[in-house]
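Below are two complexes that have chain A in common, paired first with chain B and then with chain C.
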Partner chain A sequence: MVSFFKNSRLRAWFIQALVLLATVGTLASFILITRQNLLDLGIATGFGFLDRSTGWPINFALFEVTARSPYAHILLAGLLNTLLVGLLGISLAVLLGVIVGLMRVSRNFVLNLIGTTFVEAFRNVPLILQVFVWYAIFTHLPSPRGAISIFGFGFLSNRGLMLPTFDMSGWDIVIFVLGTGLFGYLIASFASSRDALRRHVWPLILGVVIALFVVLLFIGRTPGEAIINVPELRGLRFIGGVAIKPEFSALLVAIAVFGGAYIGEIVRGGILSIDRGQIEAARALGLSNYQVNRLVTLPLAFRAILPALANQIIWLMKATTLGIAIGYPDYFMVVSTSINQSGQTIELLSLLMGGFLVINYSIGFAMNRLNRHLAIKGQGG
Partner chain B sequence: MLKIIISIISAVAVGATLAGPARAASGDTVKTIKERGSLLCTGHNGSYLGFAEVDDKGKWKGFDIEFCKALATAILGSPDKLQIIPVSWAQRFPALQSGDIDVIIKVTGWTMGRDTELGLQFGRPYFIGPTTILTRAELNAKSAKDLEGGVFCINAGTSIERIVADYMGARDIKYEALNFEKAEELRAALYAGRCDALAGFGPFLAATRFNAPNPEDFVIIDEVLALEPEGIAARQGDDNFIDVINWMVSALLTAEENDVTMANVDKQRANPPSPTIGRLLGVTPGIGDRLGLSNDWAYNMIKAVGNYSEIYERTIGKDSPYNLPRGKNHLWKNGGLHYSLVLD
Partner chain C sequence: MTAVIAPPQIETTYLGWAKRRLFASPGDTVLTLIFGGAMIWFFQFLLDWAVVNATWAEGGKELCREVSGACWSVIGARGRLIFFGLYPYEEHWRSTFACLLIIATMVLSCVPWFWSMKRLPVLWLSGFGAFVVLMYGGIFGLKVVTTEQWGGLSLTVFIFCAVVVIGMPLAIGLALARRSKLPVVRLVAGSIIDLFRSLPLLTILFTAAVVVPLTVPDWAQGNKLGRVVVAFALFFACYQAEIIRAGMQAIPDGQEEAAAALGMKYGSRIFDILLPQAFRNSLPSTINQFVITFKETSIVTIIGFFEIMASANAAVGTGEWTAQYIEVYFFVGFVYFLFVFGLSRYGAYLERRARLSNVR
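On to the complex of A and B.
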């Protein structure tokens, strides 16, 4: 017995096993006690409620959701809403961030001033306040009857931006998006091995994508419907076309602008971290300013900013939960309402955490892969 | 070792006893109130406009507060023998069970869960809470059907979400539900014109209209989507107190049915026009001694707060800023749901 504890490896192993056992035991007892308490209170547990209809609708979803839809559908719709506003917002934030970052290091006084003002204004105001401000702006536009007409094709009102749509079903759009990705990848990899084609990669992809779009448009036509569906005011609302709701726009703009300010600073830091010698060398080769930026500065800076950028992107994804403040039915809001309506608090909170864990882990995983791929070999970074 | 185990067990036992629901003695609440000399009644943590609000002199007023005064007068003879205890919506049930308050008069819906699981006993409903629609006057909507295709702002996570979905679904009226978690955002969205209508509890809608930048821009539609009966709640197992509460509410309605008002109650008592009025005002005995109260309790109460109609119009009806139509809160003979019990 004594010799067992004198062996340091065995002892370490023993202590670790003990800690693991205690942790698992504590967690298991938490779960069992909670379950027993809920049973005692007469509260049903489990995920059976996911099949029950909710009895309440949400006003924005990527697929049809009604008051008769089960909880599973409304939760999925919320998750997709979060992904939609999150991914679009993050893309815009990165785009804005790169522009602002370049402005901040620019030697042009005006550009520099614009960049600095942007960063200071939007980085120093809490995000929730910005969400409220944008929402107030978008909901104080004229009512549908006095909507601002955009050449008769689109309308801007306090109900959102109404835009014409093509007569395509949801599946057509899914096929189009997947097809674009597939053809783009195939053409790019095919052309990269043939010098004659390499110059024409972009026109080629564009042509194929347009062809795909036209084919889908005509195959998926609803008989008797116009190819282009223009919104039209009827009674209290616009019929036809697609509505970009103010709740969505406000959250999207707030995330893009707030994220843009932060990412701008990350980009600036990345650019400033580049050894001046590299840029001077590029200039010495006779490259123009644009070429220096595109071929030397940004690729090198990209490596430096990637880890910080990944952090910021995950942060922005979590910030979509602010949608609840302005009535955007994102995953958090849908879960929160479901908790109130069904009373299945623990199950729904675990779904909420699970959902965000999967989204953010996926982002982190993709960014890590990208980082490893881009790292300069032999520099350990 | 044994000592340690025993002390742990006793500690757990003490903890369990303390953690159990602390119940006030649910015996004779009327006696307790009389001994204390004041009634402990519910207020609100803040203002619930029209029902329990604090005026600029720091005094409580509102529909529920008037019923607290009526009950205090019925038991103790004076509306001033009343203490309003501010409690939140969630606190009201534990506060009653722990004896911090004697009674809950706080627009409390009579639900089966509360009646059976929370140890409450409800008196007959004293207010019928309608779920209805507040809309913009410029839309000229007379019914829910006229709002076809409109955007409805609704408080997320409440029963209103389901009530609207059921009501509109059953009539095949298309609408768009815009849900907000907080009442402030809900109101702001309506004022800004983001939604055409706000569906909710009638009194809340009346207060929303009252608080609007231009109250005349908004109208409450005379269509009831659902009703919730609100009852006065006491602790389970106090039969006498429930009797007092029921007859208090009934006496206010009897007074309205017979046109007995705060102004003419003295005249009516001096010369009762009907046997019922005579019994109500204690000219012929019976109304008090059978409840363990004085025979002039109803007279005192009407003198202090008036009849049901006077309370309603003064606090939430046409003599108040909220101007909530009486609707289903009328007497039965005026198209409402209220009636008095038989006073024999």
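On to the complex of A and C.
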């Protein structure tokens, strides 16, 4: 026995076999016990339940979902809600973060102080507390009768923010979003190989996107109806326009502000890591402060912060699950309600984990592509 | 012919400072005036609300109608609920004492004398053990208070400490397993770490609270708090393991090779040579992870625990004080701020210290 453990190769095999056995055994026992428990409860396993109707509605969805919609539709609506609040919140957080980061390294004492106060105030308090605070503020606004009017076009009340909309169907919006992505990609890849076009990429994309929007707006509409749909107060509620619910706004603002504070610190770190000589050289060439920021500081800092920024973005995406605390039906909330209602625990849990794995790996993949694209060419390959 | 240019003079007077930091250029002056004005207005407003026009008087919510600022009376009326949750009224002193004990443990572990692989675990295990004894009771004539009745700040502190105390050894184990020479061990540890890191904490805690009873045999279920804490600790360990691994990678290979050449055993190589250096290298990230973990304890409120976030919601949830939500959230936010800001300032101090001692 002693000589067995002295032999390092045998010992290695033994340990590995043990670890493998333990892992497989644990997983197998999970599956077997769960199957037995579910059978005892009279729940059939399998994904057949996705076609059954749910019997409960959700209060916020990008497309029409009712209590009679099948589970598959509600789950998809939840996933889209997560992506909507996550992507919008992250974009705002990055924007805010860049501003705060620049304030934090500014020579101006007042800007510096505002940046520091912002970061310390919002970074040191849990995100969920901030979600609750924003939600409480948004739901304590005046009722629709006393709504705060925004130049007569929008109204802010405890039912949410009412905004005018263009009169477009859901499919128009889907086509518009997909079209924007497709044309943007095509134009960018087409222009990158032609020097004459490269400088006009952004105006070109903008023009095509606006043209697409106008075409969609006027195709298949009933003549004589208004193009813009302005909300109006009728009795106790608003008619027309689009309502941005307080649940959505609270989660969005909380993610943008909390994320902004964290990303501000990342941006500041990136700017401080730039070789001072680069900035001094830019000044010596006679560039203005704005030009130094836009052409030298930010591009260099962006390279330095990309890995940390990618981590933060993935973190913020995962943090959207906190929406359940205030009743925003994100992917996690619809999955957990589905588990309660249908009992299809294992299937729904694997869908939940699969969904987040796909989202996170997509973000990671995109960030890696961007990183490789931006990396300084010719330094260590 | 070379003209020598004098180095730029930095004026050290107040006037010079103002010229450099406030009025360096016309654009700067405009920015200073606009944002400075806005900031003064904001802080004036905050001060008026929180102090000048506020009341601390004890009593019902009728007092709040008389003031235009903050009505801190709600803290007096609901403070016990916020701090102690459902903990029995006459045992509140135990909860207070337990929290102070943990704070003392935290402060003590900032003292460099305790920074060794033996003293720190002993300090934390005894501090945490004493905390659990005080909170749970059952011996020394203390009445038993089951975990269902725990709440408020002490539950927050309990979850944080339990996660760190259970999670830290797990993290070391996972980090060592991930750099093991055995491919199967490496693969299993790597998969666990990657899986946990790519899922939101809330989904993991939800799984532990709701789903695990279905998937494990009855004897392994424990109570809900126990399951959630263990799942949280695993989540923490997966993040912390990567931090420790990064700290190990920064150690030159020669260190471990030299130890092996001297004939040191595996355990001794790890605990006397590798880990102390790895921890020193990863101290800033570790403290950052503690900060994040402390804030994330608030997430358990969603799966039905009565820690300080949930008790704050309960304090304004009942009809009487609903209008005072800002005051209560402000107060709870301040409690979190004290812990988190203190910890992160300490982390920044350690970082500065490490930078200075690295200069040779």
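The rule is short, and it goes like this: the second predicted complex is superposed on the first by the 300 of 381 C-alpha atoms of A that agree within 3 Å, B and C clash if a C-alpha of one lies under 4 Å from a C-alpha of the other, contacts with A are read in each partner's own complex, and residues count from 1 in each chain.
In this text, a residue touches a chain if its C-beta (ideal position, glycine included) is under 8 Å from a C-beta of that chain, and two chains touch if they have at least 3 such contacts.
Treat the numbers as computed from the prediction; the structure is a model and nothing was measured.
*Asks:* Is A:Pro126 in contact with chain B, with chain C, with both, or with neither (first, second, both, neither)?
*Replies:* In the superposition, A:Pro126 touches chain C alone.
*Asks:* Considering only touches as defined above, state whether A:Gln341 meets chain B (first), chain C (second), both or neither.
*Replies:* first
*Asks:* For A:Asn37 in the superposed arrangement: first (chain B), second (chain C), both or neither?
*Replies:* The answer is second: A:Asn37 touches chain C but not chain B.
*Asks:* In the superposed arrangement, which partner chain does A:Pro57 touch: chain B (first), chain C (second), both, or neither?
*Replies:* First partner only.
*Asks:* Answer with first, second, both or neither: which of chain B and chain C does A:His140 touch in the superposed model?
*Replies:* Both partners, chain B and chain C.
*Asks:* Looking only at chain A, is it chain B or chain C that touches more of its residues?
*Replies:* It is C that touches the greater number of chain A residues.
*Asks:* Which holds for A:Val242: it touches chain B only (first), chain C only (second), both, or neither?
*Replies:* Neither partner.
*Asks:* Once the shared chain is lined up, is A:Leu217 touching chain B (first), chain C (second), both, or neither of them?
*Replies:* In the superposition, A:Leu217 touches no partner, neither chain B nor chain C.
*Asks:* With both complexes superposed on chain A, which partner does A:Ala325 reach: first (chain B), second (chain C), both or neither?
*Replies:* both
*Asks:* On chain A, which stretch or stretches are contacted by chain B in one complex as well as by chain C in the other?
*Replies:* 136, 140, 324-325, 336, 339
*Asks:* Could you please specify the touching residues of chain C with respect to chain A in the complex?
*Replies:* 20-22, 24, 27-28, 31-32, 35-36, 39, 181-185, 188, 198-203, 206-207, 210-211, 214-217, 295-296, 298-299, 301-302, 309, 312-313, 316, 323, 325-326, 329, 332-333, 336-337, 340-341, 344
*Asks:* Could you list, by residue number, the parts of chain A that touch chain C in their complex?
*Replies:* 12, 15-16, 19-20, 23, 29-30, 33-34, 37-38, 107-114, 120, 124-129, 132-133, 136-137, 140, 289, 314, 318-319, 321-322, 324-325, 332, 336, 339, 345, 349, 352-353, 356-357, 360-361
*Asks:* Give the list of chain B residues in touch with chain A in this complex.
*Replies:* On the chain B side, the touching residues are 139, 147-151, 156-158, 161-162, 165-166, 169, 176-182, 185, 188-189, 192-194, 196.
*Asks:* Chain B touches which residues of chain A in the complex?
*Replies:* 55-59, 67-68, 136, 139-140, 143, 158-159, 234-237, 239, 246-247, 324-327, 329, 333, 336-337, 339-341
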